[in-house]
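Alright, structures below, take your time with them.
One chain, chain A, appears in both complexes that follow, with chain B as partner in the first and chain C in the second.
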Partner chain A sequence: MKKLLNDPESAVADALAGLAASRPELMVDQEHRVVTRRAGVRPGKVGLVSGGGSGHEPLHSGYVGLGMLDAACAGEVFSAPTPDRILVATRAVSAGAGVVHIVKNYTGDNLSFDMAAELAREEGIEVEKVLVDDDVAVEESTWSAGRRGTGATVVVEKVAGARAEAGGDLKAVADTARRADAMSRSFAVALRAGTVPAAGRPGFDLPEDEIEIGVGIHGEPGRRRGPLRPARALVADMLDAVLADLPETSDPVVAVVSGLGATPLLELYVVYGHVAEELARRGVAIARNLVGNYVTSLDMAGVSITLCRADAELLRLWDAPVDTPALRWG
Partner chain B sequence: MGRLDTTTALSWIRAAADAITAHEAELTELDTAIGDGDHGANLRRGFSTAALAAERSAAAGQEPGAFLVDVGGALISSVGGASGPLYGTALRAAGKALPGPDADTAALAAALQAGLDALCRLGGAAVGDKTMVDAFAPAVTALQSAATDDLSQAALLAADAAEAGMRATTPLRARKGRASYLGERSIGHQDPGATSTALIFRALADALTSDHA
Partner chain C sequence: MKKLLNDPESAVADALAGLAASRPELMVDQEHRVVTRRAGVRPGKVGLVSGGGSGHEPLHSGYVGLGMLDAACAGEVFSAPTPDRILVATRAVSAGAGVVHIVKNYTGDNLSFDMAAELAREEGIEVEKVLVDDDVAVEESTWSAGRRGTGATVVVEKVAGARAEAGGDLKAVADTARRADAMSRSFAVALRAGTVPAAGRPGFDLPEDEIEIGVGIHGEPGRRRGPLRPARALVADMLDAVLADLPETSDPVVAVVSGLGATPLLELYVVYGHVAEELARRGVAIARNLVGNYVTSLDMAGVSITLCRADAELLRLWDAPVDTPALRWG
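For the complex of A and B:
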């Protein structure tokens, strides 16, 4: 394993220290691994907390800032943060209007956020949980832990943050987030596994000419393996899977093409070119897009494609000003 | 005969922390195959912290029930992922169901049944889903039906049953947790959660046999 680390044990703490040095507008509580906005939460604004295992950067700490999250909890690599830390974050962003927890659908994240919400409610803080579960690669969901939360998380956090910034109440912010999740679907393929620092070797081995199809963002293998084919053909298959499950409306989509951590931008633009071409061919308009590393999986090589059907209101929230380390406009 | 008092319970948690540390690489290996490779490091980190909490709790003179509640709380706030809340909740529930300064086989079996019930409620898993429940449930059953009032002998039977349950997860298809995303591809791998559960029950047997040898 070759990584720019001091010690696998200190990877998360060292990265948070770097984030703090780079972004003075953010506050990093190293004891609890909680990142908040130094300016705090405006009284009466709904607080937004997300979090999860580390290794998906810029998720979630890179999305803390104006117009998006108020706090992010960084767990160990690929492990949900513990409930007491989520409680610390929840308290820190509670400004009298309640707190929304944005939770990617994984067993550990669900358990930890639920326990934290219970404790927060005992302290009189109203908490609404919003589950992100956009990954269509998880089939037969009644026999599994359910669809995973992946690329749609960035869309959900963006529009929920805008709704909260605009003065939406707890229910309105949670409903906006849930609607964005319901309108989003994702699918990912991996060319090479990532390496968890503490494990020291890749999560799976792949022959030179094979890819993992329907891979998650934690290094777990996908549902099946297949041959590596030209990007055009892979994108068509990925879009087939996404569109088969995406709600059918006449609305355009927000398209997010995210690298999984070790994919050159050159390849991401190759992929996005085919996404644009294929969607045009299928009569789906792209209203907005992101191409880059938004939801990653350490140094996994591969790409995820997320589409979110966005009506005028979701687009307005998407376009609202945002100022975070990883998203900034308006 | 043998009973579980706070001294024995402390030996149990120490032995569990040692066993998890000694088997970290194996747990990582199993979890890398069908999960995300974090089970070994998470549990080693969490049980080390829980062992410190255990020393403090025992030194403060807690009865075994309150002691297990303390250790469970430490696990919840230090393991991370799903296994912290799951093991921590199970130990807390077991501790709350454990009255008095020491417990015989029947009392410990009843307490661990309460722990198992809490674990199943929280995680939503049942026997056969390829999770820690597959080792935990048979261990509790073995403890309940042990035809001996010698707690250390009963704990040995429970540890054997947990290990049998652990091995029996290999041909199963996962229905809960991260391995469930693999569908058929989870078949043929021993479950890492069931493996750590078996280590914890073996640690209980070790603690009881060495204390009452």
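For the complex of A and C:
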């Protein structure tokens, strides 16, 4: 295994130390692996917490900041954070208006966040849980009951953060997040597996001419393996899968093309070009887009495509100012 | 070779098509592979052109926009753009105040930009060339006479763009760019080679436990090969190399930790943590930092560290508003 690390055991702590050094506007609680905004949460604002296994950076710590998350909990690589740590994060961002937990749909994350929510409620903090389950590749997976949560997390965190920043109450913020999730679908392909530091070898093997179609962000199997095809054909297949399940409205979409960690931007732009071309052909307008590394899987080579049907309100929330390490505009 | 492409021959054109689809504020001239700002150049503003071989994205097209470049010329992968195309870009951004060419120090780029500058001057456009040569790994290389131009290009393009935006004249903008280059040094290591699409196989082979120390952004050999060491030790060695050659002033530095294309953010933050720790130990203050993929080498795994001694004026220019695909703030 070749990685820029000191020790697999310290990978997450060392990366968080680097984030803290890079971003003085964030606070890193190393004991609990919780990242918050140094500015804190404005009294009366709904607090937003997300988190999950590490290895998906910039998710989630890279989305902590004005107009997005108030706290991110970093578990070990591909392992859910423990409930006590999520509780610490929940307390830290509770400012009297309740806290929304944004949870990718994996069994471990669900359990941890549910337990943390229960403990927080016992302390008098209202908590609403929002599940992200956008990955259409499989109905059930080795890591989840129901669809997995992947690329849509960025969209959900962005619009929920904007709604909270604009003064939305707990129900409004949670409803906005749920609506963004309901309107989003994703699909990913892997060209090469990533390597979990503690395992020291790739999570799966792929023959030199095959790809994993519908892969999950932990390297979970997808729908099938198949030959690597030209980007144009691959994108058409991926969009078939996404659009077959995407709610049909007349709204345009927010399109996110995310590298899985080891795919260069040159290739991501090639993919995005075909996404734009293919959606135009199918009469789906793209209102906004992101092309880059947004939800990754360590050093997996591959790409995910996320579409979110966005009405005027979701677009307005998408466009609202955001200031985080990984998303910044407005 | 596993890549998200259609055909090695069309890789650059397909990526530019994707960029054009993603960024309506940019214009892509596919015939000449030139990316410009749709808004054009304000009359009387110095125009800024950079460019070089493709495969280093987001360099250079990702730095076209307000407060940075006015045009980027994309050559084939790892090949300099031809003079006629640089001339097209130079004409496009000429607004009566002259044009600065920011050129990474490689023989091919030098030749092409020099020829284009000569042709532009014949048309009455004043051109100043600024060479970027920050890589301390080797004094001479297979691709260059003198030091290679790498990570400092981002710093040079940023501060020169800000100076031009603020109304600096041709000499002032070129001098600012030259000063940023003179104040910058870089050093990179590769864990795995990248693959040029047209070649179809990795540019070099590295044993499973070795890294290339001082690698260039085209996979050119560095100082030596050596064992992969813990990130902390590797960073200390890289900083030794950079600091041995960095001008000694009392100014703080802008630090850029850039992935080379296939290195995940988790590892880049581990590296940045040690950069911060080690520079603090050596009494060098970091005033600003970037951690991400800024100057890459296709799907090479590895990292570069760039330091630029920045006085108050360079910091002010660094902080000035910028709005490009890859850098955005203010």
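Note that the second predicted complex is superposed on the first by the 325 of 330 C-alpha atoms of A that agree within 3 Å, B and C clash if a C-alpha of one lies under 4 Å from a C-alpha of the other, contacts with A are read in each partner's own complex, and residues count from 1 in each chain.
As a working rule, contacts are C-beta pairs under 8 Å (C-beta built on N, C-alpha and C of every residue); 3 or more make two chains touch, one makes a residue touch a chain.
Note that the structure is predicted; figures quoted are calculated from it, not measured.
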*Tell me which partner A:Ser79 touches in the superposition: chain B (first), chain C (second), both or neither.*
first
*Which partner does A:Tyr106 contact after superposing on A: first (chain B), second (chain C), both, neither?*
first
*Between chain B (first) and chain C (second), which does A:Ala285 come into contact with in this model arrangement: first, second, both, or neither?*
neither
*asked:* Looking at A:Ala39, would you say it contacts chain B, chain C, both, or neither? Reply first, second, both or neither.
replied: neither
*So, does A:Arg223 touch the first partner chain B, the second partner chain C, both, or neither?*
first
*asked:* If we overlay the two complexes on their shared chain A, which of chain B and chain C does A:Ala244 touch? Say first, second, both or neither.
replied: neither
*Could you look at A:Ala312 and tell me whether it touches chain B, chain C, both or neither (first, second, both, neither)?*
neither
*State the interface residues of chain C toward chain A in the complex, per the touch definition above.*
2-7, 11-12, 14-22, 54-55, 57-58, 62, 191-192, 194, 208-209, 211, 228, 230-232, 234, 261-277, 289, 291, 293, 296, 298-299, 301-303, 328-329
*Can you check the complex and tell me which residues of chain B touch chain A?*
28, 32, 34-38, 40-42, 45, 76-86, 122-123, 174-183, 185
*asked:* Give the list of chain A residues in touch with chain B in this complex.
replied: 8, 53, 75-85, 106-108, 111-112, 115, 137-140, 143-145, 148, 196, 198-199, 201, 203-204, 216, 218-221, 223-224
